[in-house]
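Given below, in the form of structure tokens, are the structures.
Each of the two complexes below includes chain A, the first together with chain B, the second together with chain C.
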Partner chain A sequence: MQVFSVPKSIKQNSNFTFCSGCDHGVAIKLVAQTIDELNLQDETIAIASSGCSVLLYDFLDVDCLEAPHGRACAVATGVKRAHKAMGNNKFVFTYQGDGDFASIGLAESMHSALRGENITAICINNTNYGMTGGQLGPTTALGQITTTSPKGRNIEYHGFPIKTAEQIALCDGVSYSARVALYDIKNIINAKNSIKKAFEYQKKGLGFSFVEILSSCPTNWKLSPKKSHEKIKNELTNIYPLGVFKDINND
Partner chain B sequence: MNKELLKGNIAIAKAALNCGCNCYFGYPITPQTEIGEYLSKQMPANKLAYVCAESEIAAINMALGAASTGAKVMTSSSSCAVSLMQEAISYASSDELPIVIVNVMRAGPGQGYIFPSQGDYNQATIGGGNGDYKTIVLSPSSVQECIDLTYRAFYLAQKYRTPVILLADGLLGQMAEAAELTENPYPEIDNSNWRLDGAKNRPSREIHSLEPDQNKLNRHIVKLYQKYSAIEQNECDYEEYKTQDAEVIITAFGTMARYAKALCNHYRNKGVKIGLFRPKTLYPFPYKRLNELSQKAKIVIDIEMNMGQMLKDVRLAVLSNAQVAFIGKPVGDWLREEEMINAANNILKERYASI
Partner chain C sequence: MSYIKIDKNKCKSCYLCMDVCPKKIIQKSNELGKTGEYIVEFKDEKNECLGCAQCAIVCPEIAITEVHKNE
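Right after this comes the complex of A and B.
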């Protein structure tokens, strides 16, 4: 018999404050489960970012530091390197949205990856700026309607979206880069395995590890939670294919 | 210890290492680049944290992260690039994180140029970031003070858990003079009750500036201002030169004060009772002492290498006690003795026929 319970690394009596049907809650739970399984709770410093991911410390029961918008990987670099200078090997990861990681923070994200900073970045890609009400972001798909692309993203005005996991995989300092989704049980299990691998690679000191999670945003997509997951399965995975783009142990 | 010939930038770097700085993050910009160059040899050799950051934005955010661990953290830069750090300085002030930020000022606005200036007084003392916060600002006037005030910057940052700016200038950074690398005189500050080092045998901790509850945010800012009050009460620092009987008081900070001393000597020889008041802390500004001095003075002449930035603090201190005049020049070759004398003669000639 398998008993399901709230992970130890989720704060007791905390309630997720995300919109109904949002995948953030599932992603945070997977992160917490992985922290528990790898026994990392008392050596973790998590870096929260700006956007819907900002309240991470309300849910995760580990030491947490907020980064200014986009700077999570730079802040994580400082935390990791400072502890190393003091003789400590702490577990450090960022939890960011696609706007935070791949738009305003692209320089900090990519240079951390290039340096092979021994940290992990989790990036929730919901193809828009969720917290501010669904504006065009770096990952908004061509044709996608947002509040700042009311006729859909077009190349003339908005240019192309970024394929983050593929770009990060090109950086030499990266140990692992994958894109996963959460639209069904099989994919949730895959996502968990990817997060676990990314965390383990940091523990082994293999360099920058990265997991992009395609996530639903029913409120801003103006779709039901079910239809949002169908959109990810049928549309977004064609633009943003799921898979592992770099694995240092297989390369 | 013996005195050695030291460049200002190198003195800052040596003093930082000497008082236990174990994390440095920086990006090159003239006229402060030697700080990062010097530390790039010393810090990796001792397994300390050193990152050639991709930008000043990254550097200050690495510093913010490192400071949360209880490490002793420094970044250094100059004027237009310190502008890029303002967001994170605002965050670090709210987060109550100790970071030492060295600004070796160059000319502005914008890119300006690499010649020296004191044009960042406003940015440093008022703050270029958003929201209600203040930053301790220390102003060295000699290479020796580059050492002494670097020690003090680390101490005050840890003591008050707040960013501290060491506001030097290009002349001081690039100038060599005899100085002694003394021992760090300050005690270590315990940070075990707030640093982020993993929730082992204690509840987890969180450090953030975001606060959706307005009552909590109000309380937090009021608490910050109680800290600033204590800083204003305890940490004002200044130098006085021949002020005891002064009817004319020169105010100047940093390197400019060295030139102003020459001006004092010139007029003392002509029988004018003149002295120099030099704030060493620009925030907290020593209003009280300057106000006392101004009560016995007739004229206060503020001299700066900018268009009159400290002037407003001088006026706030002097109030209507004395006439306030200003001599300044924004950038480049510093005001020469003759230039200052010509300008000061115009101010003083009505009262002092002897000049």
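Right after this comes the complex of A and C.
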């Protein structure tokens, strides 16, 4: 019996452009598996963003749009509303990095959440700007060394990092907000359940659903893939605790 | 007999599958991959593979394309 196969929503013969050991690939695989399980491939419109996630349309076999830097949630709002006005109920989700969602696009993201826009946002948090060479981002942890904070992030000069999932959970229009990680099998399965729940909430029309995924960046952290996962497990989960911060069905 | 299939063109030598395999039957091969490092191979001489699919779940490149489990 075949227990694993390449998800149908992944384009055949497409190779991921990510660095060796990057968790982006796992996240895209989980998204594709969820689209398959919920049978959403024909009605999905994915919104790609700038950053490492920019080539999403090369891997996912669904309709994709490319948003300007940070504006994925704004584009998703337009797509969702335009299709709704025409009588189509499309499934719309964004796939963004932390620099895109929580830095340049914070206004768009936050206001989509505040309005309770019926879309899903997936944010990959790897604590730096991965594609441009690992600069300090809004989610960089205190003390973390990046190319633009060679002595480590300090409060006096750079300020505090943002905890996206908690911030989004405070918005009234949000149906689901969770932070998950991908450093071991248990957490990968948890992450998949969270993504599935977020997708289902959009299908039910409950409002903005959000999943933040703590992801490794072996190249810019200058660690091996295995050590990057250990860093997430031992260090990052203390700063960014995992869990569900808002679930409209449980509140 | 359980077995997996590895797409050699997709493997980027991160070795996460080697760490997670409970039977340690995924090993480094002598073949160089695209990243210039040795890619992994499936070597199951004693038919130890459980078909647990943990390797396929952690593989970031979906290079482990098929897992078959014997019931």
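What we mean here is this: the second predicted complex is superposed on the first by the 249 of 251 C-alpha atoms of A that agree within 3 Å, B and C clash if a C-alpha of one lies under 4 Å from a C-alpha of the other, contacts with A are read in each partner's own complex, and residues count from 1 in each chain.
Here, contacts are C-beta pairs under 8 Å (C-beta built on N, C-alpha and C of every residue); 3 or more make two chains touch, one makes a residue touch a chain.
Since this is a predicted model, take the numbers as computed values, not measurements.
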item: Three-chain arrangement built on chain A, chain B and chain C clash or fit; value: fit
item: Which superposed partner A:I213 touches (first chain B, second chain C, both, neither); value: neither
item: Chain A as apex of chain B and chain C, Cα-centre angle in degrees (nearest 10); value: 130
item: Which superposed partner A:F18 touches (first chain B, second chain C, both, neither); value: second
item: Which of chain B and chain C A:I35 touches, first, second, both or neither; value: neither
item: Contacts of A:I119 with chain B and chain C, given as first, second, both or neither; value: neither
item: Partner chain in contact with A:P225 - chain B first, chain C second, else both or neither; value: second
item: Contacts of A:H111 with chain B and chain C, given as first, second, both or neither; value: first
item: Touched partner set for A:A165, first chain B, second chain C, both or neither; value: neither
item: Chain B versus chain C as contact partner of A:V6, first or second or both or neither; value: second
item: Winner by number of chain A residues touched, once chain B and chain C are compared; value: B
item: Nearest-approach distance, in Å, of chain C Cα atoms to those of chain B in the combined model; value: 19
item: Set of chain A residues, in rising order, touched by both chain B and chain C; value: none
item: Touching residues (chain side chain C, partner chain A) in the complex; value: 9-10, 12-16, 19-20, 35, 37, 51, 53-54, 56-62, 64-71
item: Of chain B, residues touching chain A in the complex; value: 22-23, 25, 47-49, 51, 53-55, 57-59, 61-71, 73, 87-88, 91, 95, 196-201, 204-210
item: Complex contacts: residues of chain A adjacent to chain C; value: 1-7, 10, 15-16, 18-26, 29, 185, 188-189, 218, 225-226, 229
item: Residue ranges of chain A in contact with chain B within the complex; value: 11, 41-45, 47-48, 54-55, 57, 60-68, 71, 74-86, 88, 90-91, 107-108, 111, 115
